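Each structure below is given as structure tokens.
Two complexes follow with chain A in common, the first pairing it with chain B and the second with chain C.
Right after this comes the complex of A and B.
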């Protein structure tokens, strides 16, 4: 969590989401990521962390905390 | 032969341009009036190609102009179009928040659409497999999305089209937009063209067919329409968007009118994939149709903004066609000497430049024309621009596939100049 979350925040900057808007409890919906953007974000996260995130694992109601946990469980290259 | 529809003036009440000549209509017009061919320069993206120079929009920063949240989702082609549309709407004085979006159409010309996205994602597919291809590939590459995104941006819920007639696309789009206004299908149309395909595959394709200038040692003089030593076009990019309204509507709300789109003619050579008909048959037909549509005769035309690509064949055939139909008294210019050839955006950029020519009674010179081809027997304005009242102007656009579009422009205010007085300083020549 401690290593994954900050990198998720950095990834979100690529999508124009300012760091100041993001907390561990922010959902993707809160951050105004639509479904296509979430797919794209997931692709970027897979590349960033060297993991495979199956389709529909993450949805717009999930928080960044949950996303970080999913990535850690997949054995992120940290 | 059917009867012509009654003449209809579509007022150009807003202009937005993002071109190799500058970001903004005023900047682009100034550069064109200065005949400054600096737009073309060595292009790192094209490194290693036979033609490794191009005319790019200088300093275009989509993140800065659109915001990162919007910019990352859009191919450069759409980015250019949205920035130009924003300028055009601001220039028009229309209140987007208050308009009836169902009566606002969008008609944009583009030859290829999101080509750079396609090329980049194809590389991703080959290098990393299908699982890494972007979920945004389709909405970024599909050519119709240029108009779709403009509609989303401004709540324009009327007819929404992209017109593809290769290098005539921008002019064809403006003609179709004018027709939508005349038919009553909408009250306002955002129209024009956008192109951004300065990528290795596309530029190689043009180079392989021998269409491009090889003037690597001095790219800025590569685009030299009507010159004896022209050797092909310089590939360019850009966008130009016009806000069109019926002239009566524009006057009723007190809008400034740059010029009117008063005629449109469209035709096909039905001859060859890339070469123009040797006698300019289709081009002549489009020109005559446009004049008839505008209700004016050939002898009324004062000025032609030529397609003038700087290819040996186009310029010779076009000049001969202009002389044959319009005589030798009209002034002719090609703004591609400055901008290079922006392909599907070119017709819209040139319609905008023609509107500014009419508005300011000033014909910009054809850049890089040092020795006019002896076989070209028309009055090409070169070296310095020319002050000239323009009552009837023509903008020619011809595309691969033999697709032709000609627009006729007339002054927005009776008797010549529009109400704007932003004549560039270089006009004082």
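Right after this comes the complex of A and C.
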């Protein structure tokens, strides 16, 4: 969590989400990521962390905390 | 025991792209037109897809009608009057049976030639190129008219904004002739693949033996509309086209920076950009026309090639990388040095 979350925040910046708006409890919906943007974000996260995130693992109602946990469970390259 | 060879090949033969034609029906549906009847807007469609408008057939116009138009233009482009075979790549044949290609061949004045359809959905043109090129390189025939033709307007659910906003009608065709490997326009290596575990991501559920085999089902029952699971398709399209293009580049010894023009299946601008970014192909090397024609499935790549050749953004000698992804799931990539061809 301590290493994955800050990098997720950096990734979200590429999608135009200001760091100041992001907390661990923010959902993708809160951050105005539509469904296609969430797919793009997931693909970027896979590349960034060297993990495989299956279809429907993350949805717009999931928080950044949950996303970080999913990536950690997958064995993120940190 | 003597060995008899009938007409042994003196040297290897390659299929060479020698003609290029395209046709879209005159009717245009803009995003604003769609917004009149669906819960959508020009801004929503543009942001999610990059599409501004699509061409739609008038009532009574079928896939073969578009295919004949594009096929005639490809023949004219090559100053040819006929081919030894006609191959149609389509998701929307005139009828479930028979194939559309024989009728198109006859209407083009080529009754008697080999003619068949390729059903690989949006990958159909690349699969068709591989099959057509192989017919030539195996010396079964000396020329093939390959046409990608679609009338998606006939299979779209008019109430489904996700598909109605994306797809359009159109046809693109190439004439392939026998030539030498290495010459401009020679069709070379391919990377082709499929993953049937994703069958249900892109499909028309009804109308086939799966539905009709169910007790109580009759031909004509529900499920005749095209369906697509957008987010999952977005993901698979991005990954599969990237991986396929990378495999092809490795096989032919090109680096991403060698690619002068990148022609990806015109599915969605965001998918094209994501694939190009992953490959490392700069944005100004992309060929994009889906803003004007939408996603025309098996017709998308030849339509994009024809538009780009016509406006001068595709020039002889350029290294062209082509990749596609479609229902099946299927995907494929190929590359060629662009020939000196004038599209019609």
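The rule is short, and it goes like this: the second predicted complex is superposed on the first by the 78 of 78 C-alpha atoms of A that agree within 3 Å, B and C clash if a C-alpha of one lies under 4 Å from a C-alpha of the other, contacts with A are read in each partner's own complex, and residues count from 1 in each chain.
By definition in this document, contacts are C-beta pairs under 8 Å (C-beta built on N, C-alpha and C of every residue); 3 or more make two chains touch, one makes a residue touch a chain.
Note that the structure is predicted; figures quoted are calculated from it, not measured.
Asker: Let's test your reading of the overlay: on chain A, do chain B and chain C clash or fit side by side?
Answerer: With chain A as the common anchor, chain B and chain C collide in the superposed model.
Asker: Name the contact category of A:43: first (chain B only), second (chain C only), both, or neither.
Answerer: both
Asker: Looking at A:55, would you say it contacts chain B, chain C, both, or neither? Reply first, second, both or neither.
Answerer: Second partner only, chain C.
Asker: Determine, under the contact definition given at the top, whether A:25 touches first (chain B), second (chain C), both, or neither.
Answerer: The answer is neither, since A:25 touches no partner chain.
Asker: Of the two partner chains, chain B (first) and chain C (second), which one does A:16 touch, if any: first, second, both, or neither?
Answerer: first
Asker: So which bit of chain B gets in the way of chain C here: 62-70, 98-106, 116-124 or 260-268?
Answerer: 116-124
Asker: Per the definitions at the top, what is the overlap between the chain A residues touching chain B and those touching chain C?
Answerer: 36, 39-40, 43, 47.
Asker: Along chain A, where are the residues that touch chain C in the complex?
Answerer: 34-36, 38-40, 42-43, 47, 55-56
Asker: What residues on chain A touch chain B, complex-wise?
Answerer: 13-17, 32, 36-37, 39-40, 43, 47
Asker: Over in the complex, which chain B residues touch chain A? Could you list them?
Answerer: Residue list for chain B touching chain A: 63, 67-73, 132, 134-136, 139.
Asker: For the complex, which residues does chain C have touching chain A?
Answerer: On the chain C side, the touching residues are 48, 230-232, 234-235, 238-239, 270, 274, 278.
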